[in-house]
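The following blocks contain the structures, represented as structure tokens.
Next come two complexes built around chain A: one with chain B, the other with chain C.
Let's turn to the complex of A and B:
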């Protein structure tokens, strides 16, 4: 009961903001809050967009899934190294704390300058723009995924290091005394200890990348667009009747994020993070 | 309250009950007439003292930003008005803000002036978002020609005193002489050149402003000349004329940069490709800025403006005042200042911004005319008279979203 009371201010704030925005988005999407003209209940906005919506959803899921997996692949070993390999600890800690505060927009602009056809990397390597693979705005969102994985792996490394730092040495030593080799200690002690934080981190990253606008806009291709980019383009369209379509795209993005969050929370319960 | 950004940021003001009310009442969309339009100018100036005016403008042109920051803002301060420049990634963002404020019934909105024209002006006018009938009050309007079509008619919309002219512009293609020694001289020629030199040409994806102009220029070409396209939009003409345009653009698509699988996001991205040597052409609706870009080494020394045999589209751009502005006197003073011969001449200097003036040379006094004569000639950009020779008119604003959307479905998605 006490903890609920502590949560109340935050929950109230988040609840009101989310409820108002989601209600107004839903009303707009179903034609009940037009910018011009009479309100009328309809699903026209979804119909008019159908193929764009599904392609956008797929694009968003591709970006979120690959970014999250890559961030885990990079971040988990870095987090383990952060607590266990004392030689590189300082350097790694410095690196993650430099990466974390860099805004995504700056990260995206830098990745663009580095990886585009006329970018820094192809120039260093002496590759002509026409021979350079389409990493930026290509058919696979490579540059977007690299940007997210780069930033978010630092986040993963940090939360894993935090989760492990308290008791890992103790438990590892106990396991060693009982005759566990390094491989067994990693598999039986370290990874199980790291798994809940990694999962929680992965869910946060997944939801963030699913809804991120600026990186996908800056480094993405013209078509198909990820849902947030689609929603924002329609939202700022000079065709005022495109507003319901923008809301439809936003609503789909919200619903998919909520669905993923639901799955994620169930998974967190299973591993015992949430009870 | 439909605004995504508002809903993300603005909590306090919105309550569920008012939201449901708002859902049932879209604001009226008649133009708001300025009820202080017959006030003597001295009174306006007096009222403007100490007002803080926010000018929302596209922020993608460093020279334009520098002109406003270093020239216009200090000049406005001398007149007693604090001018603030609000850069936006696209003019649509400013319009979105105005419409959201309007929907919320704001009386002292954050937007006092918007650099605008064409479809954005028309969209605002449709929603009744602009204050109208105020520009005749500006003393410096006397230096503009009242019969100048470019100034009375903004993409087919009668201006009606809803916006004060700021500058004229001429669409132009830009190329690097060294890379393209024998440039084509028509739009069709450019497309043919593209097929002979695959991967070396592209255009920004509409609805980007510049990409959108390119579409209209290409429509004139595919229709067999500007005179074949009725300026007023009607669905019949669109259905007749647009298939040839989209077919032609689709045909050339495999020869575009990246085989047309993607397009530059905006004109800034296209300029970057041109600078990086990924493409050999770029295009701009503000060719006057090229002088500075070449001078400071952003563009190669061998940059040239390509004039088309058939002429290119030209327009004027304006400063519009939303009716939700709470600093109307201050905004009028700034709009008047921006129209003064001193400011127009400074702005026309390629070393400053290089935007072509809206003032009529015949209406200026000797002193004013001398200011313009003192502007140095540009080694890159031909003078406005030459550039605007055989200029094509802009299509009415309703053409713009129709073509943009048609391009999306017929060229981009296909």
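Let's turn to the complex of A and C:
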């Protein structure tokens, strides 16, 4: 079979469905596809929503940035522990691979029951619900960030372990023979070997957390909302004129994702992961 | 070889284990609890959550999620396998545009595409469940394509030529030589595609419009609404447990 016939079904499906969805979002956002009335090119939706849009965008970027950083801080050491000679290795390997297929929605439901006032953690720590900080739906998206970082740190740990498993022992032993201590080996051998995978993982996590709805909706506050939550609330509003505003928020989310993907691809090229 | 001090190894290891275990404990404990009086370290055990989940139509919802996952896998695996063959063996070139296009859904927010597609459904007269399957397949194809692509990349493309020289037809060469070699990747791809359909919430919510009630829809409704911890936890465990069980069985079988 020719290469085009092999690629066509997947490429056509992905290309056509993505393209018509994005075009219909853009047309709706600019007033060209109203539910009722005449199409009219306008930027009203963006104007009517401007402060909410910027707040939503900022909230989404705060969530994505802190989640990605925390996932790396916890995922990289976990990945190193997975390839080290340690007694917790087996337990850690089982745990991270169990967490991987657990849907984010389930993680969010469980973390809500863990961190809310009257949740499992304040019960165990003996803190009254009224004295417990607002980790769920509070002024900083703490519970959201913890859920994302929890699941994605397992993902980071597994891809780092996969990247290190082949040549680490050999190189690390060579460095030890040459007199490098454990911290020096970590900084000069292990981390540089893990860095490209960690970067690729971080980009995937950033894009996911930026556009994810359910965790942010379930564990977030009502104002300001992250972009996906804002968009969905407007989308289901009984006020039909809110449709273009919902589309404006969705379009902004798509454009942010494309911009971040562009930065990510440039970064991966720079470190030589992509040609 | 000198090693990190025990404080780092044990302290760090213990913290990591707590970090990974703690978030899963609430649904595990609450799904087996009738009540949890304030001040008690552990709940009062019971199965009220499972009884309520059964009454909340959990079983049909789990069946719908299963069917959704199977259909998404049945479409995304074959088309991903074909694309993965072209990309992995670089048949007719490196195809940089197709390679990029087939990764693109990983970057795009699912809720935004779902809204865009939903706006068109009324105009195009496409039934909602069909649109849910189509969009979920779009988000599953990057995984199936790239899992199969790396299997092909690790397989010498001359393997089929050698079978042909020994008298096999083109179809036989693919069926009897290549397919068995990439079978593990096909199964992994099917598992990922099934997972996309099984665990989806936002696409089913937006396009299904509340009429396609899958298991995640029930979990979200309970988690956001009632404050009924045993029910929420039983539903959540029912969604997560089959995946965890399948994964652990898979690990044992491979060993």
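Following the convention adopted for this analysis, the second predicted complex is superposed on the first by the 258 of 275 C-alpha atoms of A that agree within 3 Å, B and C clash if a C-alpha of one lies under 4 Å from a C-alpha of the other, contacts with A are read in each partner's own complex, and residues count from 1 in each chain.
Rule of thumb we're sticking to: contacts are C-beta pairs under 8 Å (C-beta built on N, C-alpha and C of every residue); 3 or more make two chains touch, one makes a residue touch a chain.
On a predicted model such as this, the values are computed, not experimentally measured, just so you know.
K.L.:
Once both complexes are superposed via chain A, do chain B and chain C end up clashing or fitting?
P.N.:
Here the two partners, once superposed via chain A, clash with each other.
K.L.:
Now for A:232: first (chain B), second (chain C), both, or neither, which partner does it touch?
P.N.:
Both partners, chain B and chain C.
K.L.:
Is A:125 touching anything from chain B or chain C once the two structures are fitted on A? First, second, both or neither.
P.N.:
neither
K.L.:
In the superposed arrangement, does A:41 touch chain B (first), chain C (second), both or neither?
P.N.:
A:41: touches no partner chain.
K.L.:
Is A:101 contacted by the first partner chain B, the second partner chain C, both or neither?
P.N.:
After superposing on A, A:101 lies in contact with chain C but is clear of chain B.
K.L.:
For the three-chain arrangement built by superposition, which of chain B and chain C touches the greater number of chain A residues?
P.N.:
C
K.L.:
Where does A:21 make contact in the superposed view: on chain B (first), on chain C (second), on both, or on neither?
P.N.:
Touch partners of A:21: chain B and chain C.
K.L.:
Between chain B and chain C, whom does A:13 touch in the aligned arrangement: first, second, both, or neither?
P.N.:
both
K.L.:
Who does A:137 touch here: chain B (first), chain C (second), both, or neither?
P.N.:
first
K.L.:
Which partner does A:221 reach: the first (chain B), the second (chain C), both, or neither?
P.N.:
A:221 contacts chain B only, not chain C.
K.L.:
Under the stated touch criterion, which partner chain does A:240 make contact with: chain B (first), chain C (second), both, or neither?
P.N.:
So A:240 only meets chain B here.
K.L.:
In the superposed model, identify the part of chain C that clashes with chain B, out of 41-49, 149-157, 221-229 or 239-247.
P.N.:
Between chain C and chain B, the clashing stretch is 221-229.
K.L.:
Taking the contacts chain A makes with chain B in one complex and with chain C in the other, which residues are shared?
P.N.:
Residues 13, 17, 20-21, 23-25, 28, 33, 118-119, 217-218, 231-232, 235, 243, 246-247, 250, which sit in both footprints.
K.L.:
Using the touch definition up top, name the residues of chain A that touch chain C in the complex.
P.N.:
It is residues 1-7, 9-11, 13-15, 17-18, 20-25, 28, 33, 74, 77-78, 81, 86-88, 91-92, 94-114, 118-121, 123-124, 146-147, 150, 153-154, 172-173, 176, 181-183, 204, 207, 210-214, 217-218, 228, 231-232, 235, 243, 246-247, 250-251, 253-254, 257-258, 260-261 of chain A that touch chain C.
K.L.:
Could you pull out which chain C residues touch chain A in their complex?
P.N.:
1-4, 9, 12-14, 16-17, 19-27, 29-30, 36, 38-41, 78-80, 82-83, 85-87, 91-93, 95, 98, 101-102, 104-117, 119-120, 134-135, 137-138, 141-142, 145, 195, 198-199, 201-202, 205-206, 216, 219-220, 223-224, 229, 232-233, 236, 239-240, 243-244, 246-248, 251
K.L.:
Tell me, which parts of chain A touch chain B in their complex?
P.N.:
13, 16-17, 19-21, 23-25, 27-28, 32-39, 51, 116-119, 129-130, 134, 137-139, 217-218, 221-223, 231-233, 235-240, 243, 246-247, 250
K.L.:
Under the definition above, what is the set of chain B residues touching chain A in their complex?
P.N.:
Checking each residue of chain B against chain A gives 1-4, 7-8, 11, 14-16, 19, 22-24, 26, 29, 90, 92-93, 95-96, 99, 103, 119-120, 122-123, 126-127, 199, 205, 207, 258, 261-263, 265, 272-273, 275-278, 400-401, 405, 408, 412-413.
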